[in-house]
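Input: structures, listed below.
Next come two complexes built around subunit A: one with subunit B, the other with subunit C.
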Partner chain A sequence: MGSPRPRRGRSRWLEALACAGALLLLGAGPRSGYETMTPQLRAMQDDDLSNPGMLAVAEGEALFAREGCAGCHTAEAMRGVAARYPALDRASQAPIDLSGRIAQCREKRQQRPPLPREGPAMLALTAFVAHQSRGLPLQPDPRLAEARRQGEALFRERRGQLNLSCAQCHDDNAGRRLAGSLIPEGHPNGYPLYRLEWQALGSLQRRLRNCLVGVRSEPFPPGAPDYVALEAYLVARARGLLVETPAIRP
Partner chain B sequence: MVRTLLRVPATARSGEVIEIRTLIAHPMETGFRPGADGTVQPRDIIRRFTCRFNNREVFAAELHPAVAANPYLTFTLRVEESGILAFTWEGDNGFSQTETRPIAVA
Partner chain C sequence: MVAGDAIPGSLTGAPGDAARGRAIVLDRQRGLCLLCHAGPFPEERFQGDLAPSLAGAGARLSEGQLRLRMVDGRRLNPDTIMPAYFSTEGLRHVGRAWQDRRLLTAEEIEDVVAFLATLRD
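Moving on to the complex of A and B:
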C-alpha cells in the first residue's frame, strides 16, 4: 500500500487544484438571475409562446409601426442598441437610459405628447427595442465613468430603516435566502421583464424601487438621475451577461 | 382586441394528438384587491375559454379570480380532418375575443 499512495494523493491534489481553478474561472463571471430560477421558470422564459413578456414585445412591435418610429428606424437597426445602454446623450452630456432615449425621440423628434414612463405603451416600446438585442452581451458605455462611479457609491451606501446597502445583499449574500426568495446577484440584463409577483411587465426602475422600499428607504423620486447612475454601474458589474429581454423573474 | 400568443401546428397526420398552447393578455383583476386609493378594484376576469374545431366544442375551461394575469392554457386534441380551430375568451365587462387558426390534416 506504500508506494502508489503518495502518487495518487498528489494527482488527486493536482486534480483538486485544477477543479478549484475551473471553479474560480466559472465563479469569476457574473451570474444572471436566470441561472438561479427554477427549471419551470427558465422554461417559461425560454419558450416565446409561454413567456407573457412576449405579449408586450408584440404590442411594442405594433406601436413601433403605428407611432411613427418606423419612419426613421428599422427594427434591424435596433439590434445591439439596448446592449450598450445607458449611453451618453450628446446634447445634454448626461447619461440616458433606453426609455429616456425613446421618450426623447417621441417628444423632441416627433413633437408628440410624452408617454408615461412606466405605462404599458412605453414599456412595450422599450421591451420591443431591447428584445432586438436578446442574446447579445452587455457592453457598458465607456463614456459613463462618472455615472458609474456615482452608481457604485449608491450601491455601497447603507440606507433605510434596515440600514442595508445593495452590496450587502447582492455582493455579500447572493445565493442565500431572504425569507422565501433567493437573493440574486442583482443584474439588469432582462429588463423590461415579466415578474410573477407583479403579474405584469415592469422596468428596471420599478425593480430598484422594490429593493429601496424593501430596506424601508424612501425611493428616489421618479426620473431621478440616481436610477440611471445605478443602472450604469449595474451594467458594468454585469459586463458580458447576455440581454434576456423579456426575462421572467419570480 | 388584446394580444394573444397561440401555438397551433399548421399540419398534422390524421388521428394525431396535437398540443395547443394559448396565452392572452388580461389583468385578471380578482375583485378583492384594494387599489392605490384604498377602494376595492372591481373584478375584471376572463370567465370562460372555449376551443371549437369546425364549430364543434372540443375543449372548454372555467376561469376564476385565483387564476394569474395573462392566462396560459395548454391542452391536447386528437384531429381527424382538416379545419379551423376557433379560440374564444369571454369575461367580465363584456370581454369577448376569438382567434382562429387553420390546420391541414393529411
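Moving on to the complex of A and C:
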C-alpha cells in the first residue's frame, strides 16, 4: 500500500459496497454490521485517512517486509486469501484461521518465536493480509463442512448463567436493542477491526470472547478449535458479504 | 411451591423491599433487566427492546405470577430468553466465576417482586 494506492482501492471498495447496498434494498442476503452503523462511523470506516485501523495495516505492511514474509510471498499474492479463510490445513487436515496460518509460517517455516495472538504485531500482520482482500466476497472453504457443522451447533447452543445462544441474539433479535447496543447480525467480515469501545484493533476471537463472557459462560481458551469452528460457520452464514478489513465498529 | 402459573408464597417468608428492588432492576450488573426490558425509568438512557415493557407489570400480574416469572420463566415458556433468576437447572458452560450461583438471592427476588408490584400503569 504505497501512498497513491489507497485512493484506487477505496473507489473500488465503495463501488463494491454500493453493489452490496443495492442487493440489500432488494432484501436479499446477510447484512453487514456496517449497514447498521451511524453515518459518522460509516464515513470513518470508508475514509482511509480517518480509519484508525489503517495505521495497523501500514504497520503490518512494514512487518511483512521486515519479518521476512516477503521472502516467500508478495502482497499481491495475498489478495483473496482472507476471503477464503478459515481453510483446511493440508499438513494437519484441520481447519486453520488466518492468524493461525501466519503463526504457522513464522514458527514452522521461519523457526522464529511465536507472536501472541492478540498482540499488536500479529494483529497488524493479520490486518495487512486481510486488507488485501477488502471488497472481495467471502467464499467459505467447501472442505470445512464438518467444522461448519460443529460451529453451527455451538452457535445454537444455549450457554452461561444467562442461558443464551448466539442465535437467540444474532438470528432472532438482530436489529433490536440490547440496552444501548444495536444487535448486529454478527458477521465476521470486518476483522481484525477497530472497535471504539476497545479503543484498539481487535480480532474476531476477541469479539467472540466478549460475547461468550457477556452471557457469563466460560470462554474457550485462546486459539481453541471451537473459535475456528464458529468462524467457519459464521463465514458460511455471511456468504457473499464483502471483506471490510479494517472495519470500524462501535 | 408452584401453583398454576404462580408461586404464591414469599421465598423468604417475608415481604420484599420495593426500594431495594428498584435498585436491583436498574443495576446493569445485578438485575440486568434493562438489557432486554424498557420501563418507566425516564432517567435511564439505555433500555432494551427484546422484551415487553415493565410498565404496568404489577397491574397485569399478581405477586405470585411475577415471582414465578422471576424464579424460572421456563416453567411457562421453555424457549424464553429471559434468564431464570433463581434456578441453575440445565445451565451449561457457565463461567467459573458464576458456577452454581443463582442470578439473584431469595431476598433479592422478593425485593424485585415487591418493586414490580408497584408498577401499576
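Quick note on the criterion: the second predicted complex is superposed on the first by the 224 of 250 C-alpha atoms of A that agree within 3 Å, B and C clash if a C-alpha of one lies under 4 Å from a C-alpha of the other, contacts with A are read in each partner's own complex, and residues count from 1 in each chain.
The rule is short, and it goes like this: a contact is a pair of C-beta atoms (placed from the backbone, for glycine too) under 8 Å apart; a residue touches a chain by one contact, two chains touch by 3 or more.
Owing to the predicted nature of the structure, the values given are computational and were not obtained by experimental measurement.
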Practice problem: Using the overlay on subunit A, decide if subunit B and subunit C clash or can fit next to each other. | Solution: fit
Quiz item: Which partner, subunit B or subunit C, touches the larger number of subunit A residues?
Solution: C
Quiz item: Is A:M54 touching the first partner subunit B, the second partner subunit C, both, or neither of them?
Solution: first
Quiz item: Who does A:A200 touch here: subunit B (first), subunit C (second), both, or neither?
Solution: first
Practice problem: Scan A:A91 for contacts with subunit B and subunit C and give back first, second, both or neither. | Solution: neither
Exercise. Once the two complexes are aligned on their shared chain, state how close subunit B comes to subunit C by Cα atoms, in whole Å.
Key: 16
Quiz item: What residues on subunit A does subunit C touch that subunit B touches too?
Solution: none
Practice problem: Within their complex, state which residues of subunit A touch subunit C. | Solution: 157-164, 168, 172-173, 176-180, 213, 216-219
Self-check item: subunit A residues within the subunit B interface of the complex
Solution: 48-50, 52, 54-56, 58-59, 196, 199-200
Quiz item: Where on subunit C does subunit A make contact in their complex?
Solution: 28, 32, 34-36, 45-50, 81, 83-84, 88, 90-98, 101, 103
Quiz item: So in the complex, which bits of subunit B are touching subunit A?
Solution: 3-7, 21, 23-25, 27-28, 68-70, 72
